[in-house]
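After this come two complexes, each holding chain A, first together with chain B and then together with chain C.
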Partner chain A sequence: MSETRRASPLHAARAPVAAAYACALLTAALSFEHPLALFAVAVAIVGAGVLAGAGRSLARAALFGVPFAVMIALVNPLVAREGLNVVLRLGEIGPLGQLDVTRESLVFGAILGLRALLVVLAGGALLAATVNADELLRRFRRISVRSALTAALAVRLVPVLGRDARRLADARRCRADASERPGAAERLQIVRAVVTGAMDRALDVAATLEVRGYAMPAAAGRGRWPRQPWSRHDIAFGASAVALLVLAGGAHLLGIATFHAYPRTVAPVGAGEWLLAVALVVVALLPFADRRGIVP
Partner chain B sequence: MWDKRRSVAVALCAVAVAGCGTGPGASPKEDVGLTVTRDFGHSQVLALDRAQVRGADTVMRVLQRNAMVGTRFGGDFVQEINGVKGGRRAGRPVDWFFYVNGIQADKGATAVDVHGGDRLWWDHHDWGVTPDIPAAVGSFPEPFLHGIDGKRLPVRVECDDPRAGACGAVADKLIALGVPAGRSSLSRSAADESLRVLVGTWQRLRGRDAESDSIDEGPRSSGVYARFDKAGTQLNVLDARGRVAKSLGAGTGFVAATRARDRQPVWFVTGTDEAGVQSAARAFDESVLSNRFALAISNDLPVSVPLSEVP
Partner chain C sequence: MSVLRFERVTYRYPHAPEPALRDISLDISAGAFVVAAGLSASGKSTFLRAACGLVPHFHGGEFTGRVTTGGMDTRAHGPGALAAVAGTLFQDPETQVVLSSVRAELSLPLENRGFSPGAVARGVEEAALALGIGELLDRPTHELSGGELQRVGLGAALVGRPRLVLLDEPTSQLDPVAGDELVWLLRRLNEEWGMAIVLVEHRLERCLSAADRVLAFEDGALACDASPRGFLEWAAERAPALATPGARLFARAGLRPPPSGVKEARATLRAHGLLDPRGDKQLGDRIPSAEPAPAQRRRLRRAAREGPAPALAFHGVWHERSGGRAVLRGVDLSIAPGERVALMGRNGAGKSTLLRHAKGLMKPTRGRVERGGRVALLLQNPNDYFLADRVGDEVGEEALEQAGLSAVADRHPRDLSGGERQRLALAIVCGGEHGPLAALCLDEPTRGMDRAAKGDLTSDLRGVAAAGSAILVATHDPEFAALAADRVVLISGGRVIADGPTGELLTGGWYFSTETARIVDGALLAEDGAEVLRARMSTEVRP
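So, the complex of A and B:
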C-alpha cells in the first residue's frame, strides 16, 4: 500500500500537513470511547478517504481491519471480568475460571474493535494512500538527517526484500528436487538467503553513502530543501488537524462525550455530544470543499 | 439417529451441570448481606442487610451493584471502595480483602458465586503481617447457618467438659439459631466435612490439632492476631503490625476462628481459665461478634482482635 497521486485537496497539501491531518484523525479515534464521538470520527475518516479518492485503499485496509476488530470484540468479553448485566454464563472454563459474558463487556469490546479499525483506516490506509512518503522524509531530513535516511532506506527495503524472496522462491522451484509448496525448512532457507543478501546490500549502501558525503556535517555537504510558501490547502488541512486535536482535548476538559464501560455502561448523549459529533465531521471534511485548482 | 439425539441430550446436560446458560440466572431466594469495613472491622463503611443481587451474581458484582468500586487487573482486583483505596498507608501495605460467611476465599471475587443467605464482608486492612486470614468470627451466625459455597455443613460442638455450662450455652445458641449442632467431647479427628466449635480452656485445647497449633504459631500461620503464653494463663492481643498491644490475664475469654489447609474452619470458644471460657460463651452472639476478626473478653468487656492502633 503506497501513495498514488490523485486530484484531491488532500493530495495537494504538502506531505507533513497531510500526515498531520491523518495523525489528528488517528488521535481523535484513540482519544474517544463514546460511541457517538467514535462514529463521528469514523464518518470523518471514511469521508476523508472517499473525498481524497482513496476509498479503494480504505476498503482494502478494511478487509484486514474488520476481522481484526471482530476478533478484539469477541475476545474482550472472554477476558474482561467486569460488567453487571450477564447475558451468557459459560461456567468454569479451565484456566479462565468462571466465565460470564456481560452486556458491558460486549459493548466495550465492540468499541475497542471499532477503535482498532479506525486506527487501521486512519493510521494505515489514509496516511499511506494520501501522504507522499518521499516528500515527508525529505522534510523530516531538516530535523534529523540520519533518522530520515534510515527511515527512507527501511521504507524502500520492504519491497526490495519482497522481490528478492519471490526471485529466490522461483529459483528454488526450478530445482528438480523441489516440492510444489515449500516446507518450513525450505522457507527458512529462503529467509536466510534474503536476510544475508539484505545485510550485504546494506553494507554496500552504507559505503556508497559515506563516499557521497552523507557522514559529513550538514553545512559542509548538502544544500537545503527550498522553502515553499504555504498553499491554501496546506493551511486548510493544517487548521483542520489543529481543530481536531482541540476538539478532542476540549471535549475531555469539558467532560463532553465521557464514557464509562464498567460496571455499567454509561454513555450520555446530550446536546454537547451531538454538537461534538457534528463538529468533528465538519472540521475534518471542510477542507475538501475547496477544490479550486484541483483538476481531475 | 438415536445416538445423535442422546449425544445432544448428554451435551445439554453437561452444559447445564457446568453452570452454563443465558441471562443472569436465578436470583437467590434469601437476602444477601454486605458489610464493608476498614481496619479489621474497626470502622464501618457500608452495611446492607439486603444487598442488591441479580441472578447468579458473583461477590464482585454484588459489591459493584451496591458500592462505588474501582478495580485493577482487568476487573479481578478491587482497588477502591467508596473512595477508600488500596496501596500503602504510612509505609504499610493496605488492601481490600473479602470474606464470604466469615471465610476467606481461595479465588478472586469475580470467581466466587453468591448464594442466598450469604454474608459478604469486605475489609480494608494492613496486610504487612499476613495477607491470609482464613476465617473470621464477624459474620456470625455464619458459616453455621448457610455454610460454605452454598452448602450447609454439619456442626459439632466439641467440649472439654460436655456437661459444663459454657458447652451447653454454645450448643444452645446454635440450636436456637436453627443450626442442629451435635455435642461431644474433644476429639483429635481431622474434622472432615464438619464445622467444629471447640469449647474449653486453652490449656486443654492447645496441641490437639493443626488449627490450635497454628494459633499458637501466631498470625502468620493462623490469621489470628493473639497468642496465649506458654502456660495458657495470659492472652497477648496483637495490633495490626503484629506487636503485642495488650496482655490480658485471668478471667480472659477468647473467640476466634481459623482454618487449616484443605480443612473446614474451626472455631474456638476458649479462655485463660473456666471463668474466661464462660465469658467467651456469653460473647458467642451476633451482637458481640459482628464485624470482628476475633474477640477477647476481659472483665466482661469486648476487645477486638487485632487491637486498633492508636494513631
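So, the complex of A and C:
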C-alpha cells in the first residue's frame, strides 16, 4: 500500500500537514471510548478517505482490520471479569475458571474492536494512501539524518520484500513436489525464506542509499531550500488537525463524552455529546469543501 | 588526469578464506571508457565496490593499498562523499531504487549534494530525457518492470553528472535493442561530457566496440589491461571463454587482427574481399513471417491432426489484465516433443507471461493451453527455489545424482556456485522421480552468467530435449539462443510476429541476431561463419 497522487485537497497539502491530519484523526480515535464520539470519528475517517479518493485503500485495509476488530470484540467478554448484567453463563471452563459473559463486557469489547479498526484505517490506510512518504522523509532528514535513513530503508523494503514473497510463492508452485493447495507448513517456509533474505535485501538497499549520498551532511540541506508558502490546503488541514486535537482534549477537560464500562455501562448522551460528534465530523471534513488548486 | 587509481590493493571480505582482490594497481584517466571482463566471481564487482568506497567502509574486511577516486582517498572518504564524483549502479534493479516515485529517485542524489530546487529540477529532466524515461517520472517505482527499474537506477547514477560512472552489468535485464541503446548512450556521455565509464559486462560483444580499454580479472588479480584488440589477442591464448563470437570467428578462419565489433570485422573482411556481395539484401528476404501461406497453413493443420501430440500448445491464448492492457493477444504456438524453442522479444513483450501460462501459474482470459504432460518452469532466480538448509533435503538422491550434485549434498544450497545452484533448481522443478516431463520452460536463465556456465546449461538442455521433453526458453541473449535452440519465436506486443528455424531467424537482423550473423551473412555461429569465410578465401582471394 503506498501513496498514489490524486486530485484531492488532502493530496494537495504538503506531506507533514497531511500526516499531522491523519495522526490527529488517529489520536481522536484513541482518546474516546464514548460510542457516539467514536462513531463520529469513524464517519470522519471514512469520509476523509472517500473524499481523498482513497476509499479502495480503506476498503482493502478493512479486509484485514475487521477480522482483527471482531477478534478483540469476541475475546474481551471471555477475559473480562467485570460487569453486573450477566447474559450468558458458560460455567467452569478449564484454566479460565467460572465464565460469565456480561452485557458490559460485550459492549466494551465492541468499543475496543471499533477503536482498533479505526487505528488501522487512520494510522495505516489513510496515512499511507494520502501522504507522500518521500517528501515526509526529505523533511524528516533535516531533523535527524540517521533516523530518516532507517525510515527510508524500512519504507523501501516493504515493496521489495512483498515482491520477494510473490516470487518465492511462484517458485514454490513450480516445484515438482508442490501440492495444489499449500498448507500452513509450506506458507511458513515461504515466510522463513523471505525473512532470511530480508537482511541481504536490507544490505543491498542500504548500499544503494550510501552511494546516492543519503547520509552526507549536505543531505540534511538545512537552509538550502527556500521556504515554500503555505497553500490554502496546508492551512485548512493544519487547522483541522489542531481543531481535532483541541476537541479531543477539551471534551476530556469539560467532562463531555465520558464513558464507564464497568460495573455498569454509563455513556450519557446529551447536547454536549451530540455537539461534540457533529463538531468532530464537520471539523474533519470541512477542508475537503475547498477544491481549488487540487490537480497534481 | 586520473579519476580512478588503485595502488597495490588487496582486499578480503570478512570471514572469506581467499582475497577477492589481489594486488591491483591501475590508473583510469578522465574520459576513458573501460570494460571490466572476467568469469563469475573473478573480482569484477568487488573492484567496482572498492572504487565507490563501499569496500571497505560498508562491507568491512581486510584492506591494504590505496584507492583514489576523483582525487579522494577512499580510506578517508566514505561512499557518500565519493558519490559526488562517482555514480554507481549495481546488478539487481530491485534494490537500486530506494524511493517511491521516479522523480524523487532521480532528485535524491542532487538534493543530497545540496543543489538548489531549480538545479535539481533541471538535472532530473535532462537525465530523464537522455535515458528516455520522461514518461516514467511521475510513476510509482513499485509499478515498474525490471528493465524500467534498471534505467531509473542508471538515471540516478548519472543525474549528478559524475566524473566517473561505475556500472555492474547494466544491460542484464534489457532486451538487445535497449542494451545496444544503453551502450551507445554511455559512449555519447563519455565523448560529449568526458565522463569516465567503467562497465562490468559478461556479454562483451555488446560493448567492446565502444571501449577504449579492457581490464580482465582472474581470481581477483588483474590478468590483462589492454586495448580491446590487445585484450582479444590475450583472450584467444589465455582465456578463450572471454573471447567474443567475432574474435572466435576470425581465429577459426585464420584472420587477424581480432575485431572488437561488427563494424571493424566487416571492414577487415571488405579489405580482404571476403564480404558477402549480397550484404545489402533486404531483411524481409530472410526473416520468416509468423503467418504461413495458405497452402502451408493447410499442410500445418493436416500435420497437426496426423502428427504426434504436441508437448505444449497455445491455442488463441489471450491474457487481458483487469482494468489494464492485454499482455497476450491470441497466441497460437505448438511445440513438439524434443524441440528446443527460444522465445525472444523486447522487454514487456509478454514472454514471461506466456511461460507462466505454460506452467499454469496464470489462466488465459481467452483461449486455452494444451499440455502433453507435466510442464516444469524455472524462473529467473534459482535461489527462490531453495527452502531447505541442505542440498540433499531439496531433492531425492536419484535426482541429485543426475544433476551431478551428490558430492555437495551436505552443503547449504546458497553456498553452491552459480552453475551448481541452477542445476539444483532445475532438479527441483524437473523432479525426475515424478515421471517424464512434457516440456521444460526457462525464464532468462543466463542472466549474469559467464560463457562457460552458459555452455554447461546448453548441454543440460540438450540432454533434457534428447530425452523427449520440449524446451521453451525466454532469453534476451541471441548467442545463447543460437546455441540452445533449434527454433526461435519472436514475440512483440503479446503477438507472435516471427517463427522459424534459429539459422533463419537469428541471421540477417540488426538486433535479434548473433554477432557472427551480423559479420557474415547467413552464418549463425563462429564455426559456421569460419567455414563460409574459408570457402570464400579458397575461391575469391588471390595470393
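Here is the rule we use: the second predicted complex is superposed on the first by the 230 of 296 C-alpha atoms of A that agree within 3 Å, B and C clash if a C-alpha of one lies under 4 Å from a C-alpha of the other, contacts with A are read in each partner's own complex, and residues count from 1 in each chain.
The criterion applied here is as follows: a residue touches a chain if its C-beta (ideal position, glycine included) is under 8 Å from a C-beta of that chain, and two chains touch if they have at least 3 such contacts.
All values derive from a computational prediction rather than experimental measurement.
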Chain A residues touched - chain C or chain B, whichever exceeds: C
Touched partner set for A:D100, first chain B, second chain C, both or neither: first
Partner chain in contact with A:A133 - chain B first, chain C second, else both or neither: second
Partner chain in contact with A:G213 - chain B first, chain C second, else both or neither: second
First, second, both or neither for A:L84, with chain B first and chain C second: first
A:H260 touches, of chain B and chain C: first, second, both or neither? neither
Partner chain in contact with A:E92 - chain B first, chain C second, else both or neither: first
Contact footprint of chain A on chain C as seen in their complex: 52-54, 57-58, 78-84, 86, 88, 90, 92, 94-101, 104, 108-109, 111-114, 116-117, 138, 140-142, 153, 156, 356, 359, 361, 374, 376-379, 381, 383-387, 428-431, 434
Of all residues in chain A, those that touch chain C in their complex: 2-5, 132-135, 137-138, 152, 155-156, 159-160, 163, 167-168, 170-177, 189, 192-193, 197, 201, 204-216, 218-219, 221, 224-226, 296
Residues on chain A engaged by chain B in the complex (per definition of touch): 79-82, 84-92, 97-98, 100, 262-263
Of chain B, residues touching chain A in the complex: 15, 18-25, 54-56, 58, 60-61, 64-65, 69, 71, 74-76, 107-108, 110-111, 113
